[in-house]
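These notes open a run of structures that come right after.
In the two complexes below, chain A is the common chain; its partner is chain B in one and chain C in the other.
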Partner chain A sequence: MKPNKKITSQKVMITGTLGLMAVFYLAFMIIPIIYAFVGSFCNWNPMIGQMDFVGLENYKTMLGSTAFQKALVNTLVFTVVVTLFRVVLGMLLAVLIDSLGFLKSFFRTVYFLPVVASMVAISLVWVWIFEPTSGIANQILGFFGGQGLGWLKDQHLALPSIMITTIWKDVGFSMVFYLAGLSNISTSLYEAADVDGANMIQKFFKIQLPMLSSTTVLISVTGIISNLQMFDQVFMMTEKAGPNNATLTAVYMLYDEAFVNYRFGNAAVIAFVIFLITLAFSVIQMKTEKKI
Partner chain B sequence: MKMKKICGMLLVVVLAAGSLAGCGSGAKQEEPVKKDAAKQEDSKEKLEVFGDNLKYDPNVEIAGGEDVTLNFWVPAAWEEYYTKWSSEYSKIHPNVSFEFTITSFDDHWKKVPMAIQSKSGPDIFWMHNSVNEIMLPHMEALPEDKFPIDQVKADFRNVEANIVDGKLYYVDMGLMTGVIFYNKDIWEEAGLTDADIPKNWDDFREIAKQLTVKDDKGNIQVAGFNTNNAEYIWVDLMYQQGKWLFGPDEETPVFESKEALNAAQLMYDIYNTDGSGSGTQPKGEEAFANGKAAMIYCWGWASNYFKSNFPDLNYGAFALPVFDENSFPAYGRTNGDVSVGVSKYADDAKKEAALDFVLYQMCNDDMIIEYDVFDGMAPSKYSLSDHPSIQEEPVLKVEAEMLDKSIWPGAVPDNYFSDIQKYIGQSILVNKTEPAKALEEAAKMVPEGLKGRNFKTVERKAAVADEMSDQ
Partner chain C sequence: MKKKVSISKIIIYIFLLLGTIIILFPFFWMFLSSFKTMEEIVAFPPTFFPENPTIANYINVWSEMNFGRYFLNSVFVLVVKTLIILYTSILGGYVFSKLHFRFRNGIFLIVLSTMMIPVPVTILSLYQEMVWVGWIDTYKALIITGVFNTFGIFVMKQFIAGIPDSLIESARLDGAGEFRVLHQIIFPLIKPALSALAIFICLQIWNDFLWPFLVMNSDSKYTIPVGLALFKGRFYTDYAKQLTGAAITILPVLVIYLFLQKQFVEGITMSGMKE
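Let's look at the complex of A and B:
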């Protein structure tokens, strides 16, 4: 084939492929997002074909709603705590496993296994673990002489219980990233540290921690984005985000508003609030990455 | 190079096809499970007309004898029942056949309202009164000429309450209410007999205390009473005291009253003062099935749950105790499961056939009884309350006895009851919040949850309305 014809046919193929993908994203992402944004200004119930413009009423309702305020607080607390543990525990595990000799692969696999399991299945298992009357958690506490706890039934412990479940599932993910990051640190740095007489802790703070900073940013931001959208655990592990809204999160409330209360306009408002919060964190990530 | 191009184009086509795979109306996403009914040769023999006041004449030709196929959507739990009765119907009307689409219970109310609007959804579907808000706008009302309202009222309970804007869309096939299930083995071990069945809450509290078993650390091993996950018993306690749930505007929930406090206080006292219950126990039906609760408050559906999963469980049931057994307006709340819904978008022939099937359902006592026994309800049809199949089921028998002193609040949004559970029930029973404080929280949060929901309670249309102290 002549070079010009070759280039032209390549361009046609690229354009065609990109065009098709653009149509796909337009149809299944952009247009629905725009539609939902418009819906957030409407008394919107697609179940009965209702979409009556109400201006900022939905925004006033949701932002003034005690339940939504609680949901936002719960979501932010959950996100911060779980992400923090994801980073700290993941790093700790990675450093410890990295220092091992022949059992490295074994431990890496063991800690990564929960990551590949379904969150729904894990949530069901942890419901049984946290069962106040017969669950393993209270049996272990009892073994050490402690009093059984309410866990998911206690309004002060329900959200922490879900945090424990999520951290347990998630920590392997960050561990794997940190292990990769650790393997990229030049051994010459460790050798230089040895020459200077640095101990393990000094090496960690002076070499490993700074060298893992970009990995930390990545894990933090992906963790924040994912945890802001937490839903499965609340749905599977609690009775309607109880007890007493203790586990109510923004996305759960979005689901409730749309599919239980048929107030799709309110649900759209929640979606956009989450979107704005996520966008803010993404901007922070980009700026932090540039500085690093 | 050419090969690369071909592979690239193929990949694009496959991706495009894959991305379009999710398109299409909801109705077509499920493979219709075609269950053609058995057809019988035309019989010249006249069939018997049946029914009480409302009658069904099976000799009337449907849709001028032309073949009609009704697209019937039901949740999986109802597949067997409706497959059977649609077959029976088709024996009478061989020109009418049914094509079933089976949904999951959770998905039914997400798919049906969307599919029905697309005009390719069901012609006839399993209906529930909790979704009036989203389904009545799509439903065909029952025509007066085929369903004379006086005859319907003469046959069924609750008809007046089911009339919306002057139209009737369905009737209750059965009515369910909350009863007390009790474990007969635990009862016997404690030296109790049926003569000890309490009629009032004071006696109930004593029995519950007697049945409660605790370990050395004071933790409940067997609760005397468990109402976990059914904390909406508060609603029954309100009705028992003659108090409406909603104000005169029929939409604002009421929490500031001595009756509301009495009801919340009783729940608090049974669990926390008497120590007969624990909010950390599993749901009532689970705890009961595993012998961890001697008595539970649960609705009639639990009888089938126990029959299917715990056939050896030795239990009985009795009517909800009341504050004063010598004078009470109602036992509590009731709710029904209703006749099938008909789409208003179906063509005339399909509509005629569908409405005829509804009439068939309403007049066919065997069909109603089977429905009620399956669902754990007492018949809404007056003539069937004493049916042997009802009387021999302890839970159904008790429900039948309670029905005429039970109140249907109407198609109140589900989140009203789940919010009652949360802000009153769980607060008091799990977190041991003081009743007054729990009610204060409920007064703030429950109306917020009902904002923008289009409903009016029909509780004041109850047969016992005149006996309620709150007029």
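Let's look at the complex of A and C:
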């Protein structure tokens, strides 16, 4: 290969692409993070061009605020529960559907359907389902002789109601990943297990569960990261985050601080708390993947 | 030997069918309710099928809610943004897998690491930037801020890496410039990966709520999710209209999904990516 064969067009493509990418990632990722970090130490209001340094005041306000503490608790509870269901139900459905000879694609199509719908639209439907007087949830409870519940209007049930909606929408997502994972398990493993006389439950615990472990890591970590940032459902399904901040989450509070109260500095504090928690989980993911 | 249908198989089918009812019920409820009058929706005991089906809700929603405009806006943003992202992903994927330069792997790792940045961290500064350049309430704010998609670049790099170097080399020897190689050799070969990625990207853009909600102020520029959400605010107790709006929002995606199910699932899981 001649030395000057490093064709100009290659150089153009490389420098052009990398150059554009550099501008993009700097402008829309790197600089925003740094700027938000600075902003967390300021009274920051973009609408009036304000960015006045106030030291640790925002951090003291937010970390000491009972509302924010509640938001963190709600966010973590929501994240853990929804992610847990995502993993367990997703795997269960995948294993069951995978074992069928008949109607396999039908079930896969059905359970995945909620995933493609817009969360905004889905939230509206579920608000209606949870309506205390005319919603179908209480009708069904009444049919079985139970009493109507407050659901989204009840401060103890509001967050669980949103969890139900989220799990309903999300389960198909993890299910298809598990189905893909199951399809990669070679049949020879199952045949060997049959020779040893294993039943379905034993095959699950000895073959399927271990072989799906990397899928489980993927599903849990992506689930945790996206659930930590949950916003759409709170915004659509409750008024000002529910009775008594019942459904207040970190991102909702961020939205409220920044875009309702114009205190971007406080919002930035929330953003970095979320960032730290997300980083922690990402690190755990990388460590766990190394072990597998 | 005739195989007996095992009890456990029957139980599994029943369980899955019950689950199917739970999954499908809200959709049926939404569509059926959109053909009911408000009185019938709140009636007790509730009816399943509409007693006197009416399309009044659809007419009202379309005229009162400017839904046609929202639909056009969503389509516009979707098409433009998707085409741009697909091109930049292929370009980036090609550059990082088939071209050689110093620090290639290191730079790629840095790009990849940006996937870990949660949205809330950048969204505040992004908003500030939009205020500075005067892009608030413009389509530029929605499109330009998303021209590169790290996940797309990652997926395309994986796929393009599997293309034999010999094909590329022979094209170069024939005197093809690098862009010609990209467009004439690479593009045709990545179609399966491209359609899967396209679906993944399209779904994200179509259903995107937070950023369009924050950045757009004019009713004439809202995308569907934003229009629907604000509609809820204005017509707080009018469930008939809200459910109908939700139905109109979900229907196109549902129809396309039913026709392209396999591609949707492959797009989400990138399971078509396994070389």
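One rule holds for everything that comes next: the second predicted complex is superposed on the first by the 284 of 292 C-alpha atoms of A that agree within 3 Å, B and C clash if a C-alpha of one lies under 4 Å from a C-alpha of the other, contacts with A are read in each partner's own complex, and residues count from 1 in each chain.
Assume contacts are C-beta pairs under 8 Å (C-beta built on N, C-alpha and C of every residue); 3 or more make two chains touch, one makes a residue touch a chain.
This one's a predicted model, so the numbers in the text were calculated from it and none came from an experiment.
Visitor: Should A:216 be classified as contacting the first partner (chain B), the second (chain C), both, or neither?
Guide: In the superposition, A:216 touches no partner, neither chain B nor chain C.
Visitor: Which of the two partners, first being chain B and second being chain C, lies in contact with A:247: first, second, both, or neither?
Guide: neither
Visitor: Name the contact category of A:75: first (chain B only), second (chain C only), both, or neither.
Guide: It touches nothing on chain B or chain C.
Visitor: Looking at A:46 after the superposition, I want to know if it touches chain B, chain C, both of them or none. Which is it: first, second, both, neither?
Guide: A:46 sits against chain B and chain C alike.
Visitor: Scan A:260 for contacts with chain B and chain C and give back first, second, both or neither.
Guide: It touches chain B, and chain C stays clear.
Visitor: What's your read, chain B or chain C touching more residues of chain A?
Guide: Counted on chain A, the partner with more touching residues turns out to be C.
Visitor: In the superposed arrangement, does A:153 touch chain B (first), chain C (second), both or neither?
Guide: A:153 sits against chain B, while chain C stays out of touch.
Visitor: Answer with first, second, both or neither: which of chain B and chain C does A:136 touch in the superposed model?
Guide: second
Visitor: So, A:166: does it touch chain B (first), chain C (second), both, or neither?
Guide: A:166 sits against neither chain B nor chain C.
Visitor: Check whether A:228 is in contact with chain B, with chain C, with both or with neither, and answer first, second, both or neither.
Guide: A:228: touches chain C, not chain B.
Visitor: Just which bits of chain A does chain B share with chain C as contact spots?
Guide: Of chain A, residues 9, 13, 17, 20-21, 24, 28, 46-47, 131, 133, 259 contact chain B in one complex and chain C in the other.
Visitor: What residues on chain B touch chain A, complex-wise?
Guide: Interface residues on the chain B side: 1, 5, 8-9, 12, 15-16, 19, 110, 113-114, 117, 133-134, 137-138, 217, 219, 229, 279-282, 292, 413-415, 418, 421-423, 426-427, 430-431, 441, 444-445, 448-449, 451-453.
Visitor: Which positions of chain A touch chain B when the two form their complex?
Guide: 1, 6, 9, 13, 16-17, 20-21, 24, 28, 43, 45-49, 61, 65-67, 131-133, 147-148, 150, 153-155, 239-240, 242-245, 256, 259-263, 266
Visitor: Name, in rising order, each residue of chain A that touches chain C in their complex.
Guide: Result: residues 7, 9-10, 12-14, 17-18, 20-21, 24-25, 27-29, 31-33, 35-36, 39, 44, 46-47, 93, 96-97, 99-100, 103, 105, 107-122, 124-126, 128-129, 131, 133-134, 136, 139, 168, 172-173, 176-177, 180, 184, 200, 225, 228-229, 231-232, 235-236, 250-251, 254-255, 258-259, 264, 267-268, 270-272, 274-275, 278-279, 282 of chain A touch chain C.
Visitor: Report the residues of chain C in contact with chain A in the complex, numbered from low to high.
Guide: Answer in residue numbers: 8-9, 12-13, 15-16, 19-20, 22-27, 29-30, 33, 41-46, 88, 91-92, 95, 99, 101, 107, 111, 114, 116-129, 131, 145, 147-148, 172, 177-179, 182, 203, 206-207, 209-210, 214, 224-225, 228-229, 232, 239, 242-243, 245-247, 249-250, 253-254, 257-258, 261, 264-265, 268-269, 271, 274.
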